[in-house]
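Same chain, two partners: chain A is paired with chain B first, then with chain C.
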Partner chain A sequence: MTELQAGRTDSLGVSGVELKSQRGQYLDVLVALAAFVVLAILPVFFGSKALLDFVIRCSAFGLFATSLNLLVGYTGLISFGHGMFFGLGAYGFGLLMQRTGVSIPVAFASTLLITAVVAAVIGAICVRLKEIYFAFVTLAFQMLIHSTILSWTSLTGGDQGLRGGIPRPVFMGLDLSNHLHLYLTSCALLVLGLLLMRQITQSPFGYTLRMIRDNANRASFIGIDVWRAKLMIFVLAALFASTGGMVMALFVSGAYPEFAYWTISGEGIFINMLGGITTFLGPMVGTVLLLTLNDTVTRLTEYYGIVLGIVILFFAIGLRKGLMDFAFDWYAQRRDQVRERAR
Partner chain B sequence: MDLDALTGCLASTACLVTQTTSGLIIGMLLFLVAVGLTLIFGVLKVVNFSHGAFYMFGAYFAMTAYQMSGSFALAMLCGAAGTAILGLVFERVFMSRVYGANVLMQLLVCYAFVLIFDDVVRMVWGPEFRSMGMPAAFQVMPLFIAGGVIPPYYLLLIGVALSMALILGLGLARTRIGKIIRAAAHNPGMVSALGINTGLIYGGVFALGGMLAGLAGALAAPVRSLTPGMGFSVLIESFIVTVIGGMGSILGALIGALLIGLIRSFGSLGFPLFTEGLMYLFMVIVLVARPSGLFGKEIA
Partner chain C sequence: MLEIRGLSKSFGGVKATDNVSLDFADGSLTAVIGPNGAGKSTFFNLITGALKPDAGRIVLDGIDIAGRSPPDIVRCGIGRAFQVASIFPSLTVQETMLAAVCVDQRRAAMLHRRFPLVEARERAEYAMELLGLADQRGRTAATLSHGDQKLLDIALALVLEPKVLLLDEPTAGMGTEERWRMIDRIRELWERQKITVVFIEHDMDIVFKIAPSIVVLCYGRILATGAPEAIRRNQAVIEAYLGTEHHAGAAV
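On to the complex of A and B.
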């Protein structure tokens, strides 16, 4: 799909590319605004708390999964430890709010800063490694952070997690202890995060990443510093994952070691596969799918694993690709058939 | 952190012997699981994420066989043979369908079976902790060596694991089947062009890997408690072992498993809360220094 697009923009010429990319940018902003408006008026029609909770959880996991796709789908870096930044966001934000009593935006920005520093250090070590070794070393770092959280009881509360709730001082009329305010904030963060990530994937840097994924050697031959580009996207993806973690920390009003456990990373990969990794919104679709599946299956049966396992098998062996990938290919095939017939 | 306990232990031979034996036990069980993992990766180029489930099934099969027959030997046999058959079926029916596909798809199939197998065990044997109990033959006085306590069962466990390592190493290096397996790992297309059924080899290697994990589970059943999901921590640890030792290397798996076993047993004295962290730290250090592991081939 990406190659096709690239081919098409080539034939348009330079000015065409700029025009098209600019038009695409406006379109993205419009779609993002429309999505936010729809989400914002949702509580007016459906007042149920369960639905709003569901959307908040979708925001947290959606940000996390989409940021993981920046690595997996766009750069070809299969990270098995992306969940560490989710956990880092949750713990960093929770601790800053509990211990220092700063205002929410300050805690938010500081957590992002901490995440960026940690991700830069870990990334500098990891991105040199290839494929399966990259996956394992990220997994090792994830578990290292998890063990640290468990053993540093005086700071993190050990296996009990951060308890006692996260204080939420009102900031410029925004009161995050109000459920509706929290809902709107998470929606805003989700939409803004997705928009920013979309900008990254559509920028020249985003196309550099695709080139590295397809052929890292060729990319380095034409003068791209592959290590730097990989490190950059590793840090950027960590920031969005951390934001997802902060939304989660606000939602559950605490942070638990499970947030930094490797299963979170596993779930992220799973969400990506479920939704599909070749479209930008695939991970978001996967998030909604998995959370819906989670909620319905756990209500219906105690043998949650069997049902989920069979669904996964259906995707992996039956479709052999994610839902959005499948739908996209199916649509492309249909379109080609129609064109054939028209000829 | 409790460094006094660690230095105190290092100064006394009794403690040294006890801790080293317990480290060896952990290491030997890990070796049996990890060597299957490393074999499957070496030949099939698949990271078998569901390998822990075979360990779990081995333990449950052994427990059931022991409770029904009362024979320890039969229990071990059932644990190993049952998981071998399971491995063969699993590979032929499911894994063989995703060989050409994305690595992520393979992981996903395995992940699905981790979930399914855990629930199957929960259905059949119940969610609570079970234990097999130590067979009467081994309920004798422990040995005392230099003041350290060593239960006789531990010696059997170490002996079985070491002989498995020897059989595997020699079998792969010296026998005809070993040669075919190594050839299939190197160039499956050529092997099948020479008239050898590679599907059978793949199934056989997977069954062998499953059997080794099942044997580890069966051997562990008398000394550890059984629970659905017990394969998981073992899986993660054996991943660390294979990565440290080098994916695809049997000697690497042995050395890696022993190192991890010793780190665990001595680390639990000095850093009771950070024992797991020590393992991951060690893995990070090894991978940064030698990305392909201690005994792995250099990646091109």
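On to the complex of A and C.
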């Protein structure tokens, strides 16, 4: 390569990157559409209810876990209480549908609004705290919400959960009491949710978050209002977690205190450890892994906890990375090898 | 450009900064020197908002910035480079520059478009070239050599187009030759960009050769200010700072 050519490549360097980022946006939409199509035609080939149920559960937990990674992997905010928004979504939606006569889209939007307000208040208190205290206080808030759900029996049904099912008035031709319709709606929510979260991570705001994760002090000396950015992502992540909760509520036709218990937050963390936090789809892979593990192990033995514990330890201490982290590293290594050979 | 009046800061009983008043003229290049513990870094921390002063005013281009938060102060036009390179390990050089420009262009919270933005391209490119980092653009910051990390650190401060650039020991951790290259580059930057530069430095050879004006701090107080020759001959400075060599020389 002559110096002139090298010079031109250099000056194209930045715009080359920029073109790639615009292409990335189109590519992601295409991938999302393709994924939805694949999921949508799945029932045609595999009609088993169990498989469709599995996918619906993956949607709920996939949204939850990916939203948690927005906090953990992209911003460095380790939240132990993220499950509170999953529970809030389930109960909020369930209660709105049971107690008021609104349509599903209205209940959906209203639940998101309620979640946003709660997340803003809790976030405003928590995000200014340093690492370990942030983890503790988010957990504390989750336990507060869980306790409220347990004790406010007249509203929430206490430890029995919301009973009587969730009314599902038809909207836009969709009847969510129909299993197939529920399946398609869950898939749509998952794909759309992932696409939106992807946009967040690849936007300028996404890079603001990365800067905060890497070096919050320097980020502040560049002019970033760290508190405000953290609060913003805290609320956004809560919205997607809440959506996961709503899918779950529709799936089980109710809401249970377990949806707001710390174990949900724990499962979110496990999923992220299994799938890896350095790639965007890591949590989704982790979700499929955890749910598969859950289903197969509980069928074979009652010692699910021990098996899960061993698997987690293996990934956390042995491999030190999640599955997608490995996949990405392997791919990056191959790519560098190809480049070396090309030289 | 930058006027300090009666700046003071104490930690418990220790007066880290004691009634400091200084003027940094627009476009000046000043070295701040002094023995360890003289309060040089505290001085920088007070100006950049890392610490809140107990008393005093810091007037930048007519605006009093004393006591404001770091993001505020940065937006008013103070840039700071750190003694130990403070960068973003997982971002590439290019991404670092582009991200910093995005923030400066008030787009840190933009959600609907993809990073990097076209508008950030020019400034990022310019800053990389200025610091000689353009050929390393694709390298992750964590993989850069120590010297290059310091360059990136300075680039991060410069790319925000500050009115005053504070460099905290820019040659720290470098061998002699690398030091001169770094300080030459800084002098070149200063001449090209025509901004006000203040730097903390320990290497006296460099200070006396490069800086048109020098401030000597000791025990949080200003010991002397002036041109290199005047400082060199200042009795108080010699005693407090350059003194021990002098006495050792005399003893032999």
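What we mean here is this: the second predicted complex is superposed on the first by the 316 of 343 C-alpha atoms of A that agree within 3 Å, B and C clash if a C-alpha of one lies under 4 Å from a C-alpha of the other, contacts with A are read in each partner's own complex, and residues count from 1 in each chain.
Everything that follows uses one rule, which is that contacts are C-beta pairs under 8 Å (C-beta built on N, C-alpha and C of every residue); 3 or more make two chains touch, one makes a residue touch a chain.
All of these numbers come straight from a predicted model, not from anything done at the bench.
Touch criterion met: A:206 reaches chain C, while chain B stays clear of it.
Of the two partner chains, neither chain B nor chain C is touched by A:338. In the superposition on chain A, A:218 makes contact with chain C only, not with chain B. Contacts of A:109 after superposition: neither chain B nor chain C is touched.
Of the two partner chains placed around the shared chain by superposition, chain C is the only one that A:229 touches, whereas chain B remains out of contact. By the touch criterion defined above, A:25 reaches chain C but does not reach chain B. Contact residues of chain C toward chain A in the complex are 48, 69-71, 74-75, 80, 82, 86-91, 94-95, 98-100, 102-104, 107-118, 121, 124-125, 134-135, 137-138, 156, 160. If you check the complex, the residues on chain A that touch chain B are 72, 78, 125, 128-133, 136-137, 139-141, 143-144, 147-148, 150-151, 153, 158, 262, 266, 269-270, 272-273, 277, 303-306, 308-310, 312-313, 315-317, 320.
Of all residues in chain A, those touching chain C in their complex are 10-11, 13-15, 17-18, 21-22, 24-25, 199-200, 202-208, 210-211, 213-215, 217-226, 228-229, 232. By the touch criterion stated above, chain B contacts chain A in their complex at residues 47, 94, 97-98, 101, 103-105, 107-109, 111-116, 118-120, 122-123, 236, 239-240, 243, 247, 271, 273-274, 276-277, 280-281, 283-284, 287-288, 291-292, 299.
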